[in-house]
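Letters A, B, C and D mark the chains in the order given here, with residues in each chain numbered from 1 onward.
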Amino acid sequence: MSTMNMIQAINSALDVMLGRDDNVVVFGEDVGYFGGVFRATAGLQKKYGKTRVFDTPIAEGGILGTAIGMGVYGLRPVAEIQFADYIYPAFDQLVSEAARLRYRSGGEFWAPITVRAPCGGGIFGGQTHSQSPEGVFTHVCGLKTVIPSNPYDAKGLLIAAIEDDDPVIFFEPKRIYNGPFDGHHDRPLQPWSKFPQSEVPDGYYRIELGKAAVARPGSAVTVLAYGTMVHVCLAAVEETGIDGEVIDLRTLVPIDLDTIVESVKKTGRCVIVHEATRTSGFGAELSALVQENCFYHLEAPIERVTGWDTPYPHAFEWQYFPGPARVGRALKKVMEG
Amino acid sequence: MSTMNMIQAINSALDVMLGRDDNVVVFGEDVGYFGGVFRATAGLQKKYGKTRVFDTPIAEGGILGTAIGMGVYGLRPVAEIQFADYIYPAFDQLVSEAARLRYRSGGEFWAPITVRAPCGGGIFGGQTHSQSPEGVFTHVCGLKTVIPSNPYDAKGLLIAAIEDDDPVIFFEPKRIYNGPFDGHHDRPLQPWSKFPQSEVPDGYYRIELGKAAVARPGSAVTVLAYGTMVHVCLAAVEETGIDGEVIDLRTLVPIDLDTIVESVKKTGRCVIVHEATRTSGFGAELSALVQENCFYHLEAPIERVTGWDTPYPHAFEWQYFPGPARVGRALKKVMEG
Amino acid sequence: MAQHSSSAPSAAPAARTPLRLHIPEPPARPGDKPDFSYVRVPPAGSLPRPPIDAPERALREYAEGLIRVLDDDGRAVGEWDPKLDAETLRQGLRAMMLTRTFDDRMLRVQRQGKTSFYIKSTGEEAVAVAQAYALDPDDMLFPSYRQQGLLIARGHSLVDMMCQIFNNTRDRLKGRQLPIMYSVREKNFFSISGNLGTQYPQAVGWAMASAMKGDTRIAASWVGEGTTAEPDFHHALTFASVYQAPVILNVVNNQYAISSFQAIAGGERATFAARAIGYGIPGLRVDGNDFLAVYAVTRWAAARARANLGPTLIELFTYRAAAHSTSDDPSAYRPLDESQYWPLGDPIERLKQHLILRGEWSEAQQQALAKALDEQVRADLKEAESYGTLGTPPASPKTMFEDVFKHMPPHLIKQRQEMGY
Amino acid sequence: MAQHSSSAPSAAPAARTPLRLHIPEPPARPGDKPDFSYVRVPPAGSLPRPPIDAPERALREYAEGLIRVLDDDGRAVGEWDPKLDAETLRQGLRAMMLTRTFDDRMLRVQRQGKTSFYIKSTGEEAVAVAQAYALDPDDMLFPSYRQQGLLIARGHSLVDMMCQIFNNTRDRLKGRQLPIMYSVREKNFFSISGNLGTQYPQAVGWAMASAMKGDTRIAASWVGEGTTAEPDFHHALTFASVYQAPVILNVVNNQYAISSFQAIAGGERATFAARAIGYGIPGLRVDGNDFLAVYAVTRWAAARARANLGPTLIELFTYRAAAHSTSDDPSAYRPLDESQYWPLGDPIERLKQHLILRGEWSEAQQQALAKALDEQVRADLKEAESYGTLGTPPASPKTMFEDVFKHMPPHLIKQRQEMGY
């Protein structure tokens, strides 16, 4: 057991899997000698050698196209896309190939790849270092989408993703790499070491994909969130004093519907929070699922708190970022509704 | 006024705009001499010359990248993507460039491009000639998404799209190019000429983007659909005898929320139908919007009838395609609910 | 000098000429006389065979020349002659003929409405068959939709192929794929994609993996010349060059991409083999209708890859004699009789002529073989049809929810139930 | 012969050698002695200047050579000497120095926390400045983030640039963009994208449009050598070749892409200029630290484009002397003092030396100018800071809902209201 921040936990997951399975390979832009622009792969090339951990040309489509081929050969490639904002050039290989291969080949071939990509804003990255594109991947059948909210989950989920025989997009909310940011950008960031989720086993363990976690039990309203927003929601619940049950989805596809439905049936109210733009974001799917499954239990309209339908504006980061104040307002609204 | 099917109406829109505005240019794979694999551009190269209507290399990203550059110069490019299934290699140029340009440049530059792409199944095209990817584009702020359901609308909307100074993705449901397919694949297709929407003015007219149409007024349940599904829904309403109000959305972004809300407040019930896969499809957004805006008017859970969350399987086309029987079941369910 | 910032001065601009856009055109359109004057056909045997470890820089002439072994009389000439024994050549001839017979029969079957779609490889049979012969059976193939000859040359069951085309009860792809989108794992034949070019970087990745593992198997992939414009072509060449992947990247230049002449793909200013030069990869252009030349060049590239000398790009110069697919009508965009003017002849005819010249074959044997193959295909067809044709459900629609993921997640189980299963 | 189908025979496989994967490495890492032995530096003036209508085929040596005008003593030699008058050169020197002064000052300002981010172009000033000078002011520029010299050479207001960097009340981009992602329409300087390479096919499309309209303006675009691996590089070259677009495509090879050595981008097996060969586009490699050579080569390419002779690819061979950006620390991946060993020197020093040699400049003038520029930048900075720095809201957050579309649709009006405006 060690105290780890999220970067260390991710690094440890990669380390464990490189050590356990000769077929695991790790690559991406600046991933090799340098260890990645966020240092997630630091030290791994030195430890496992240049053919296990290496740099690639700047071609996200090429990275994932070759990853699929390696997966077909029998490897378990773990590719890094430097920022989620740069995953789009690889969209065709993900949507038309990785996601479809098992199906179209009648199960003869598949793409056991893991795609890691730092996502989300709050780091003054401007519109091309802040995006949360998870929604579009959840629409693509055949892909799994995972977003952890803390070091312990990050390691366990990443190990499960690497071991999964289906393609997994693993988004890492970069704002919480060093500590659980709750949206109060004017207060000092608390490091992970102050929180229990930074206690991470050094060795192998996995957290099953497709299972949500109840981050905070409550009875008044169900709050659905993932990634950074889990911490924002916890703060909002705390600050409003509304007894929200905060559910950390962890995996978006496949979704843990049972946990969601059980909670909403109990609370009768639901707030959905994500950082991505609103229209057709994953919050829309969650809202549809909740109303389909809990219609007769709902006592107020489901509320969505999301990024606005604009690019992430550099200077208006905190007006864009869905912080505890906005979540708090939504909590109050559903309680009144 | 002439009788036109949808291909002829689209061809006529292009013809009118090429004639009216020297800055309109039309290009894409097989679009020039040959006139497009669906013949949408037939005759136009001959009429307007090789620099106005021309073939491109097979590179969807290159087609849209150069289109944006032409738009920046001052032209109004109309690009064809041969099948919507092949739009993914151009995803980055659409999402990161066309959609963002006006915003990121503070209004200095913009991309007045129109992207035409035949979409949808029901033509035995298998999984790579049947997709309905509109949902992912509706999540991208800065793009407009349009899907017509008949020749009259197709021409009027396409002209409005070409004249629009923002990027517009114009999906053409290929199953209804020749007639309004209602999902009864075992019955002969009725040609457009038998329907009033095939009466199309020969010259210029436009249908404003962002305005839905009530395809059939009704009082029992609101049915939200677009493209081919409008006809399927009309058939389902007819066959079940349930007095559904069928709304043809026509434009998904910007959405005509007023028309939707007004209808659902009247009927108290809502069925949403699309051919795209369910999870995070545009139906999710519609469901979320309806419940957010009409919560206290809803008498039953909103139902979604959609393509399944699988690729479009060639031999099971009719099990996949959301036909009138499935829509009918949903109508009955919401009436009972 | 001026102390304040000022615009960059430009040399006094001369009166500028108006710019104009160039739009490439094919030499002949419907109604015109076919014109292949743009095809330069060097004499067979004129290019030497370089050692497999020759540096790319020493190989530039191959990117612009045309490697040919069979001359106009059917003689094998020059250093590239692979000196194959007659039995191998007869087998190759047979596989090419079987491919063509299969294609012709399947076209008819599609016309009869027994399947929804078909794609022929007529005129391009030497590409797939000779390349299959030049590779080892355990080398991994990442083909496009026009290399059915690879499967046939590897001895795959025609019945199995037909069952996929019919989407019938024995369709190994469970009715999920458009006809001809084969996937045959046991023949090391990768699942064909409907999206052009995606297999190219995948082949490179497979080859990289093979090299990482100290394996000895290499990969090969195929795209049409039209597809070279897609990004995955560039990805494949970049990654293959950087990591020196043991892969053979083939461009089948059959002059057309549906209706587009190869100039629209960029063939007007450079050959497709020349694309390789910019990546430091050897680019070899070969007469794609010459079985011996195709075999020899592919062997050379395979030997190079196996010796850790990296990738090779091969442009197979050929002609698409048939329509693009059953959805296409070439008379709308090219002269009807164009194929008869194609200067590199027909691959089957040329190999036959060579064998006859060598005294290893006769017209009578050829006719007997043609008849035998026709009978074989008919018999196979009969068997395949007995498992159903278009409209015969391949299996329960229930199966359509399988294989989206390895294990079916709850939402798909629920949707399957919603469908009634 | 066998009458039944059988697998393709393969020639008896010799015992095969295990494959291995090649992973390129830079010649030196932190702690190592810098090693630029991979850089071949031909003598200045050794390459002739071809006519602008020379066919691509005749230009191959330029893709692999290095066009140089200034020799080690600062003399301009050979046919490529553009013979620029001294006043123009002094202006160019001034623009390069101003760019460097601006960069240095902005780095300091970032270190002071007045802005979130900065990117320097140190060592690469000749690229942007000489190219701006070689183009006409109405030619359209599609730059990457490292060509601030283009704007400075075109005389754009430093205050305006600083206001964007500060996202202050006068930021013309309304606080929406990361610092240095300029957009300056009136200088024909296209909006910089954070996504690498996307501007390349856009430049080609702009140039195609210019040609369609019979206009006379050409386009130019820039990417780093690392970015050449992106698909848009291939798109741009393909479309430029097919339509013979009047465009200059520049690859700034500064040896690094963040931490990756240029070999990872494919620079080990071929030059980046050589990429052009495969598309039939002239590829010219130029000493990017030689103002005169950069100017001359760009003029040549511009004249070619203006004469309807099509596109040119220019590789500007240079060295990124500073960190990638303020988020980067190069000492983690390359020798600390590497830049001092760079064999092509410093562009400012070299042009200065040339002017002094011509008797048109002196060390004293140089120092006076440096001081004047420093004062100018400080004064401009003072003005810019008076409009606010990081944290000063550029305008009402209300503006963040504008310009998503030309006309604000209802859902954005609603969201703006939801935010409180």
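We take it that contacts are C-beta pairs under 8 Å (C-beta built on N, C-alpha and C of every residue); 3 or more make two chains touch, one makes a residue touch a chain.
This is a predicted model, so every value here is computed, not measured.
Participant: By that same contact rule, can you tell me which chains touch chain B and chain C alike?
Facilitator: Both chain B and chain C are touched by A, D, going by the contact rule given at the top.
Participant: Which one of the chains is farthest from chain A, going by Cα centres?
Facilitator: It is C.
Participant: Which pair, A-D or A-C, has more C-beta contacts?
Facilitator: Output for the comparison: A-C.
Participant: When the centre of a chain is set as the mean of its C-alpha atoms, what distance in Å lies between chain A and chain B?
Facilitator: 32
Participant: CA centre of chain A versus CA centre of chain D: separation in Å?
Facilitator: From the centre of chain A to the centre of chain D is 35 Å.
Participant: Nearest whole angstrom, what separates the Cα centre of chain A from the Cα centre of chain C?
Facilitator: Centres of chain A and chain C (C-alpha means) sit 41 Å apart.
Participant: Indicate the residues of chain B shared as contacts by at least two other chains.
Facilitator: Residue numbers touching two or more other chains: 51, 56-57, 59, 61-62, 85, 88-89, 92, 96, 100, 103-104, 127-128, 141-142, 253, 279, 309-311.
Participant: Indicate the residues of chain C shared as contacts by at least two other chains.
Facilitator: 20-21, 23, 174, 176-177, 181, 193-195, 208, 210, 212-213, 229, 231, 234-235, 238, 242, 264-266, 404, 411
Participant: Looking at the complex, which residues from chain A come into contact with chain C?
Facilitator: That would be residues 25, 51-52, 56-57, 59, 61-62, 65-75, 77, 89, 92-93, 96-97, 100-110, 141-142, 144, 164-166, 210, 253-255, 257-258 of chain A.
Participant: Over in the complex, which chain C residues touch chain D? Could you list them?
Facilitator: Where chain C meets chain D, its residues are 1-3, 5-11, 13, 16-24, 56, 87-88, 90-91, 94-95, 98, 129, 132-137, 152-155, 158, 208, 210-216, 218, 229, 231, 233-235, 238, 241-246, 263-266, 268-270, 274-281, 283, 299, 306-308, 310, 372, 376.
Participant: List the residues on chain D that touch chain A in their complex, please.
Facilitator: Chain D reaches chain A through residues 20-21, 23, 25, 29, 116-117, 167, 171, 174-178, 181, 193-196, 226-227, 229-231, 257-260, 264-266, 327, 332-333, 393-394, 397, 400-401, 404, 411-412, 415, 419.
Participant: Would you mind writing out the residues of chain C in touch with chain A in their complex?
Facilitator: 140, 142, 172-174, 176-177, 181, 183-185, 190-191, 193-195, 198, 200-210, 212-213, 219, 231-232, 234-236, 238-239, 242, 402-406, 409-411
Participant: Tell me, which parts of chain B touch chain C in their complex?
Facilitator: Per the touch definition, chain B meets chain C at residues 29-30, 32-34, 37, 50-51, 54-59, 61-62, 85-86, 88-89, 124-129, 278-279, 308-311, 313-316, 319-320.
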